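The same chain A turns up in both complexes below, where it pairs with chain B and then with chain C.
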Partner chain A sequence: MTALVAMLRKDLLLQWRGRAQIVAIFAFGAATLLLFSFAIGPDSVALRQHAAGFLWLGLLLASTLSLADSFEGEMEEQALEGLLLLPASARAIYYGKAIANCAQLTLMGAALVSLIVVLYDAGTLRLLSLLGVIVLGATGLSAPGTLYAAMTAQSRARQTLLPLLLFPLVVPVLLAAVKATSLLILGDPMGQLGSWASLLGVFAVVHWALGGMFFERVVED
Partner chain B sequence: MPQPTQRPVPQAIVALGAALLCIGSYWGLAKAPAEVFMGDVQRIMYVHVPTAWNAMLALTYAFICAVSFLFTNSWKWDNRLEAALEVGVVLSLLLCTQGAIWAKPTWGVWWDWDPRLTTTAVLVFAFGGILALRTFVDDPMKRAVWSAVACIVAFADVPLVYFSVKWWNSLHQAQSTPETVSKAFHWPLRINAFGILFLWTGLLTLRARTAALRLRSEIAPPLPERPRALSEARIAGGGG
Partner chain C sequence: MAVSAAGLGRRHGRRWVLAEVGFELPEGALAMLSGRNGSGKSTLLRVLATAIRADVGTAHVLGYDLRLDREEVRRNTALLGHRAHLYERLTALENLALAARLLDGDGRRAALLDRLEEVGLVDRADDAVQTFSTGMRQRLALARVLQQEARVVFLDEPYGHLDPQGFLLVDAVLRRLRARRCTVLMATHLLERARMLCDRGLILDEGRLVFAGATAEMPEGAVTGGAWFAEGA
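Up next is the complex of A and B:
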């Protein structure tokens, strides 16, 4: 547990020191939201209806940059090997990094929500529920994302490989998060929010368990 | 590492599979009666349904190979994994294509976001991505471990993808099994199912042999350098 806290602290500190990169990734996500509205046209009803989809697509696209970036530093001067030599389990390294990635994605998701309110007039008063959906969605994206980022950072064509591996895998997250967010924005007369949130929760549990189980094999020589 | 065997058994299995597929397809196209509601369009079922069964079987075998490799670290499982992934992706791609061909006259559209159709499309991309990963990793051990891990993770994701899409949208008819179709359709369906099974099993064995040969060349020590004078003399004389 101490090792996990130390790893998390290290990753959060690295993110804080490289905050210019986080701002750049957020700007990328914001630019995609702007472009999506050009694709649909100035129909405010249609834009509001698709706002949840745009939000999660923007976050998913931005996540590939932030996830890849989380292992970029570890590849320089064999830093990952140094980490593995420390008296800490590989599982602690994985969970530390995955939690830090999840925090970053949650922050980015919350910031992008403010943009969809402005651009698409797609707000909700159920802020805590919306935050819960963003946290669950970010948790689902960061678990397999961190595992795959560890692989692709050490391979050729890493910019292509990470989205290629991650996007098909996170289809359930995208579907459930879009549906849940949409229900919060447009109304939930049938009370379906809980089912979609449960799906997000099950996905997160399965992939956090698998990530912790296999990370050691992925990073060992 | 064991030498890859050269017995012609896989070729014989491929030939048997191809023969069965020809017999089953002829039976399905010429002998079996047309379905009451769909007419001749239904005849694609004789390849579509066996392809679906075999695609799932091949990807399940890939999962078994992945788990076996991680437990045993034996290269033979990595070779089989590579072959099973390729066979599974090709069969899934064929399944999507046949589904689209059947959907146009039946549903009026080439594609619908039905759970099984969408899950198959997601499988093509998920397992196709693992094949891409294998292409871009040079170290054989890393390639084997990473693709085995990615295969297990993708396989574990299949039920989640299926149920999420099912909640989202559902249109597909009930799954076809020998119990859900008339007895007149049984034989061509079963013959084609075994035909495709034999075909991919033989091809998988041959592909695993190719993978084993490539692995041998990758992990073989480099050949000792020839003395410079001797090499130059051979080049000048045109010798090999």
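Up next is the complex of A and C:
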């Protein structure tokens, strides 16, 4: 637990020091939302209907940049190798980084929601539920994202490889997150939100368990 | 034995960068490892420190098998490599504090400042590593190696990038490690300097160990650098 706390502190501190990069990634997510809204046109009903999908697509695209960036610092001076040789537990390293990435994605998701309200006129009064869905979705994205970011970190083509590996794996998470968010924005007469949120939760648990299991194999020679 | 290896080999693609390397180092030995560029020195140190795996052969550090007891080997060894193992966005102090937390060591600011004082970086304690020169990074990496208080230390060209004061610092560190009965294996091209400090020597040539013994018995050519293993030098 001490190692996990140390890793989390380190990763949050690294994110804070690299906040200019985070702002740039958020701007990228915001730009995608803006472009999607242009693609739909001035039809406010269509905009509201597609808002959830575009929110999660924007977040997914931005996440590939932030996840790849989270391993930049680990590779610059082989700091990750240094941690493993101390020795620090590979699981603590993984979970520390995955939690920090999840927190970053949650913040980015919450910030993008405010843009969705402005650009797509797609708000909801169930803010806590929306935050819950964003947290669950970010959890489901960050666990496999952290694992694959570690896997591709030493590759020159990491910016291309990461989405290629990650996107197929997170399709179920994306579908469940879009459906749950859509129900919050457009209404939930059949009470389906709980089921989609549970599905998100199950995906998150599975991804976090598998990520912790495989990370050591990924980072060790 | 502190370090023993038998038939160690490591391949990069089709080329064997280490082949059939076998030697023993007793506890408390201070050994120099020399050889031309690309002779496999760094690879050997990285294999012994468990940073990379050997493709063939066996090796033990303090009786722990490199393959089976990686955790124990890592707990008892420290590696100063070509890369400093530091976070560039963190300060010198934060880098040491992180290591202290993971090592259950003394993470108080005063203790960490003392450590930085030892390597001449105390006045840059709160500066980010990304503002450091290569030599300063090397000094900080050395501070982290000392922080580990390992029983076996692998140093890969510890004099590299350092100024003359840095050379004296490394000399002092080596003497201190010897006083602590620490076993040290150090790859270096500063052959005369290393021979004065070390009691044992290993020479690698194209991945093969061509000499292992007391430094006094090292082939003269190998020590002077105009050697049979470094034609044209």
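Keep in mind that, in the parts below, the second predicted complex is superposed on the first by the 220 of 221 C-alpha atoms of A that agree within 3 Å, B and C clash if a C-alpha of one lies under 4 Å from a C-alpha of the other, contacts with A are read in each partner's own complex, and residues count from 1 in each chain.
Just so we're on the same page, a contact is a pair of C-beta atoms (placed from the backbone, for glycine too) under 8 Å apart; a residue touches a chain by one contact, two chains touch by 3 or more.
Please read all numbers here as calculations on a predicted model, not as lab measurements.
Student: Mind working out whether A:G201 is in touch with chain B, chain C, both or neither, as first, second, both or neither?
Tutor: In the superposition, A:G201 touches no partner, neither chain B nor chain C.
Student: Contacts for A:M151 in the overlay, against chain B (first) and chain C (second): which applies, first, second, both or neither?
Tutor: So A:M151 only meets chain B here.
Student: Considering only touches as defined above, state whether A:G53 meets chain B (first), chain C (second), both or neither.
Tutor: So A:G53 meets neither chain B nor chain C here.
Student: Looking at the overlay, does A:F167 come into contact with chain B only (first), chain C only (second), both, or neither?
Tutor: first
Student: Which partner does A:G123 reach: the first (chain B), the second (chain C), both, or neither?
Tutor: After superposing on A, A:G123 lies clear of both chain B and chain C.
Student: Of the two partners chain B and chain C, indicate the one touching more residues belonging to chain A.
Tutor: B
Student: Quick one: classify A:G73 as touching chain B (first), chain C (second), both or neither.
Tutor: Only chain C; A:G73 stays clear of chain B.
Student: Now for A:G132: first (chain B), second (chain C), both, or neither, which partner does it touch?
Tutor: Neither partner.
Student: Where does A:L210 make contact in the superposed view: on chain B (first), on chain C (second), on both, or on neither?
Tutor: The first partner, chain B, only.
Student: Can you list the chain C residues touching chain A in their complex?
Tutor: These residues of chain C touch chain A: 49-53, 70-71, 74-75, 77-79, 81, 83-90, 94, 98-99, 101-104, 128-129, 137, 144, 148.
Student: For chain A, which residues are in contact with chain C within the complex?
Tutor: 2-3, 6, 10, 13-14, 17-18, 73, 76-79, 81-88, 221
Student: Which of the residues in chain A end up touching chain B in this complex?
Tutor: 144, 147-148, 151-152, 154-157, 160-161, 164-165, 167-169, 171-172, 175-176, 179, 195-196, 199, 202-203, 206-207, 210, 214, 217-218, 220
Student: Any idea which chain B residues touch chain A in the complex?
Tutor: For chain B paired with chain A, touching residues are 70, 122-123, 125-126, 129-130, 132-133, 136-138, 142, 145-146, 149-150, 152-154, 156-157, 160-161, 163-165, 167-168.
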